[in-house]
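Order of writing sets the labels: A, B, C and D. Residues in every chain begin at 1.
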Amino acid sequence: MEKLTKDKAKWVYKTMNDIRNFENEVHNIFTTGEIPGFVHLYAGEEAIATGVCAHLTDNDYITSTHRGHGHCIAKGCDLDGMMAEIYGKETGLCKGKGGSMHIADIDKGMLGANGMVGGGFPIAVGAGLRNKYLKTKDVAVCFFGDGAANEGTFHEGINLASIWNLPVVFVNENNFFAEATPQWYSSGSKTIADRAAAYGIPGVTVDGKDLVAVYEAAGEAIDRARSGKGPTLLECVTYRNYGHFEGDEQKYKAPSGKEKEEANRDCISQFRDYAIEHQLLTNKEAEEIESQSMADIEHAIKFAEESPVPRPEALFEDVYAN
Amino acid sequence: MEKLTKDKAKWVYKTMNDIRNFENEVHNIFTTGEIPGFVHLYAGEEAIATGVCAHLTDNDYITSTHRGHGHCIAKGCDLDGMMAEIYGKETGLCKGKGGSMHIADIDKGMLGANGMVGGGFPIAVGAGLRNKYLKTKDVAVCFFGDGAANEGTFHEGINLASIWNLPVVFVNENNFFAEATPQWYSSGSKTIADRAAAYGIPGVTVDGKDLVAVYEAAGEAIDRARSGKGPTLLECVTYRNYGHFEGDEQKYKAPSGKEKEEANRDCISQFRDYAIEHQLLTNKEAEEIESQSMADIEHAIKFAEESPVPRPEALFEDVYAN
Amino acid sequence: MMSRRLTFMKAINEGLEQAMEKDDRVILLGEDIAGGADVKHLEEKNEDAWGGVFGVTKGLMPKFGRERVIDTPISEMGYMGAAVGAAATGLRPVPELMFNDFIGFCFDTILAQGSKMRYMFGGKAKIPMTIRTCHGAGASAAAQHSGSYYGMLGAIPGVKVVVPSNPYDAKGLLLAAIEDDNIVVFSEDKTLYGMKDEVPEEYYTVEIGKAKIKREGTDLTIVAIGKMLYVALEVADRLAKDGVDVEVIDLVTVAPWDEQTVLHSVKKTGRLIVIDEANPHNNTATDIASVVSDKAFDYLDGPVKCVCAPNTPVPFATNLEQLYLPNADRVLKEAAEIIEDLKK
Amino acid sequence: MMSRRLTFMKAINEGLEQAMEKDDRVILLGEDIAGGADVKHLEEKNEDAWGGVFGVTKGLMPKFGRERVIDTPISEMGYMGAAVGAAATGLRPVPELMFNDFIGFCFDTILAQGSKMRYMFGGKAKIPMTIRTCHGAGASAAAQHSGSYYGMLGAIPGVKVVVPSNPYDAKGLLLAAIEDDNIVVFSEDKTLYGMKDEVPEEYYTVEIGKAKIKREGTDLTIVAIGKMLYVALEVADRLAKDGVDVEVIDLVTVAPWDEQTVLHSVKKTGRLIVIDEANPHNNTATDIASVVSDKAFDYLDGPVKCVCAPNTPVPFATNLEQLYLPNADRVLKEAAEIIEDLKK
């Protein structure tokens, strides 16, 4: 596994900021009514997508979730195209036909946000099967929530990856809630990683707010996959900054106590401190990245706002290939 | 848990013989072409259905599988009605409309053989939910094969039973094969019971050829369920005497070695020896049971053969209630 | 009873409440139909966090408790199948499938288990279970949360399907569905939740299988499903100006749909348009068209016209989504052939 | 090429073999499509235990190895979704769903994932995947193994469906399906597996979307799907004795079905019967009936008649199952209205 170099640290810090800024802006814009539909924000969980995708190239695949913006950004999707997609504009990554829950860019190895909870497991297994069949060293990463771990696709998907020894890493984002339902209610197992044993694969739990911890654990799991040793189930414990979707009152979140304290930890400032302390970033570099990131997101918003809506005929296009 | 009394031992021995004779006869008749469709025989696995159902009353529910004859008989379904059903006769338990794979008798707590592998898990959970909701002490038992343990319904069903603490016992019949595919290929876990931990419930493996072992383990699990302590996953290791279905060449079965030795163990004669040794049965009683059992099965065959086929109008009936 | 206006959503909520008051065997299951299960500060106050993703089941958990209003993990096959099992053994479960688009996760429990049990078991089982779900485009919910699958579900032998178009029917049909001894899919149009209308306070049922004539007419029959009723009524209004007298029928029940009422109307008017938001092939509109074109062949003065969604997934962009949905302009255009010669 | 007769089953087997020879990216997935995975004495001999539950894929594993002929656990959602993922990333998987009745276990991967990806992704994805499955009553396989769901699948935008009626088409359509860049459901009638007919040895394709006129006639058109073709031909033979000249069309492709050929024929004959083994509502027959009743309205001399399975699950008892299946007697009876005045 590649150590966290200065270059990588810059990419990491930029990516985390991009995600945070993107999501905060979408949050603000949503209240104006300019963005239609359902939007699930990734803010607070940046360390996971970033720490995992730091190990991936465009040739590696990921599957994502309804909360997909972070994965898209970390996998290299174009910010302008993403924002335009969320606005439903013709210049969107999916021509405005997918929206927030279906952002995808196969050229970047991004196999789609997914409106179906648990929808990603089999698709990631398929990408892993392809990688193995074609004798590449590429991996597939399946991001999924704590709630998704109770879908049958979790079971079938991980079991297949295990018995076929596929290069797939299952990255769980355990933010304690599936909508308004806590993980401790919905799962018979204590942790998500506890379920790995049922498939004879390693299960690891890390602090998902700690970029370095995620980076290292993911690096190990991805190396394992690349070298033909099969899948890993990596659980990253985290918390989301916003509600389940925009408009959620979040009555289920703890008003105080340990959960609340966890919630208040910020993965970005924690990484900033770490990077400066370990001389991976200077204060000045960090500040430059911060303002560059804001500028990039503002650019994306402007791009989205100014883009045209899809042509009417687009309704009928792209149903069948050829 | 009730000890294996003399009365119970008689019931057990009769039941095991009934299943064996029933299946052997169906096997023979099938070759004549008198029985249509697919038939999956339970012969060789009698100790499981019998050892489990020995603890149940008509108020307890079971769900079964495509290999359901043994469960039906052990749960008290009428032999004549069963045989007539397999023949597709009007006097069948399901009026000839269900056939071997769909024999059911809700009055006996038998919620149906099931042509869908893994179809029984959610249904058993529903019966368990009902039992708990109505504050009964009744349980639900879900029989399933090693192959079924790879369906998503296994995962979702057991997890639900666990988090809702339902009186459901999941009884796995691990006969090493799902059709022509061995369990050691299809499952990432070594045993089926290993998967119990993923749901925070007890997982137990017993020798499924040993009636007494099944009886005791099942008794414990069922007592647990009845007393509100929740589900258990009970794996019973066994082997089927015949092919997956009638007509199967069984090329996948081991020609020699440990698997073959296992295959040759007979659960019925083993129980006979045990029962006589422990003075639960005399030789004479055993012989009487054996001939009574043959007579009962012959009666069932005669009944089935002589019964009329369904009235044509039956085609349109029983689609909707009222 | 005093007249009283409720939203579509609240009418359903009240229907659930009254069904549960009337019959102990009625239980609800679904994802976050209460919300906040096992969350300490909510449990202490006996509060639900959500009451369903749209708030339809709000307040039912505090009233009936978590034994009867059961939050499920994200395990559609598990809890939908559990509902089948509970129904087969004597309860009257009302599971919620949050969006009908999630049907792919639990289809077996309906297609192969619940709908077939009674038949396979020779009439011994009954499955009194009402599946609440929602369908429909228009909420910018994109391809995986906007489909209309009521027709597909209704085509399964053993399943009934109702699609209410207004708060009154919503409550009455829901109560009829819960009283029914079969699997009834109760499909709510998510864009109607806010619609307000008069709803009696008392318990009442609306007959399943009976279509409603919403406007009498002699020149042309329009049959509409759910929200499409309002498209039909708009078309009727607009055509009235041209002197065309339209009879508008709210189908109400998609399966089994009311052949008698539809045929009776078409035999009178000689012309039929069916508006169905489902994708265009093998849907309820084509089913009605084929039956009417057969059984009322000699009465038809022109072809039956089906106006449906196009053969595409639901697009996200608002402008495209509006084009996706059948509307009055499209009806007038696609059915011009049978409308033109009516205009006086 | 010398004429050579193969069974329907062997024709499919040969199609798979030639597709795999031609294109490395073609892989097969399914339950026991080889059988005996990881069974020592079989692996040593490079033998498959089953080659599919009906033997359709027999011999392919020994030839292409377990990397390309992949036995799966009983995990339909898992491997069918994996096929979608593999197709989206460049392979051309051919998963087998052992019986189309198992669709309820993997419906999401088709309904919400594979069929919608291209659209949702703005045209960037393609899903070149052929789902082999089997349908049909007549094998005493009872309610959960005898259904006909090709129509339901074909109604999903983004999905194509073909239903071959003979060995020649089976091979050619399968090869066309595997060449196609979309999800194509290739639905085999399990009761046709033993049927023998001439099949060229070389690689060839049969065009998807094109119906075939099997018998020309001027008085009446019968469109049939799959095995129902033989019912149609029997009806044609029997009516010929009465001087009625029947045109018989094998639909071949259920989605998108060949409007042009069907309309052209009906415009000539003025009469149409559609025979479809699916349950009667919202099926391909009603879809065709609605379109023809609309677009050929002025040409029709009588109503379009749909002859389908009844609105029931498939019964087990042999006598009932035979009543369930459309047959020539039923066609003649149910369509008597349009046939009677043709008899000379």
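Rule of thumb we're sticking to: a residue touches a chain if its C-beta (ideal position, glycine included) is under 8 Å from a C-beta of that chain, and two chains touch if they have at least 3 such contacts.
Treat the numbers as computed from the prediction; the structure is a model and nothing was measured.
J.: By label order, what chains touch chain B and chain C together?
T.: Intersection of chain B and chain C contact lists gives A, D.
J.: From the mean C-alpha coordinate of chain A to that of chain C, what's the distance rounded to whole Å?
T.: 35
J.: Please tell me the distance, in whole Å, between the geometric centres of chain C and chain D computed from their C-alpha atoms.
T.: Once rounded, the distance between the two centres reads 31 Å.
J.: What's the distance between the Cα centroids of chain A and chain B, rounded to whole Å?
T.: About 45 Å, centre to centre.
J.: Let me have the rounded angstrom distance from the C-alpha centre of chain A over to the C-alpha centre of chain D, please.
T.: 40
J.: Touching two or more other chains, which residues of chain B qualify?
T.: Residues 94, 96-98, 102, 114-116, 150-153, 156, 159, 163, 185-187, 319 of chain B each touch two or more of the other chains.
J.: Touching two or more other chains, which residues of chain C qualify?
T.: Those would be 72-73, 75, 77-78, 101-102, 104-105, 108-109, 112, 119-120, 142-144, 157-158, 311-313, 315.
J.: Looking at which chains touch, is this a line, ring, star, complete or other?
T.: The chain contacts form a complete graph, every chain touching every other.
J.: Would you mind writing out the residues of chain A in touch with chain D in their complex?
T.: 61, 63, 92-98, 102, 104-107, 111-112, 114-116, 119, 121-131, 133-134, 140, 152-153, 156-157, 159-160, 163-164, 317-322
J.: Using the touch rule from the top, collect the residues of chain A that touch chain B in their complex.
T.: Chain A residues touching chain B: 150-156, 158-159, 162-163, 185-190, 194-195, 197-201.
J.: If you look only at chain C, which of its residues touch chain A in the complex?
T.: Within the complex, chain C contacts chain A at residues 31-32, 35-42, 47, 49-50, 53, 71-78, 101-102, 104-105, 139-145, 310-313, 315-320, 323-324.
J.: With touch defined as at the start, can you tell me which chain C residues reach chain B in the complex?
T.: Chain C residues touching chain B: 27, 67-68, 70, 72-73, 75, 77-91, 93, 108-109, 112-113, 117-128, 157-158, 160, 181-182.
J.: Going by the contact rule at the top, pick out the chain D residues touching chain C in the complex.
T.: 101-112, 115-116, 119-120, 142-144, 151-152, 154-158, 255, 279, 281-287, 289-291, 293-295, 297, 300, 302-306, 311-313, 315
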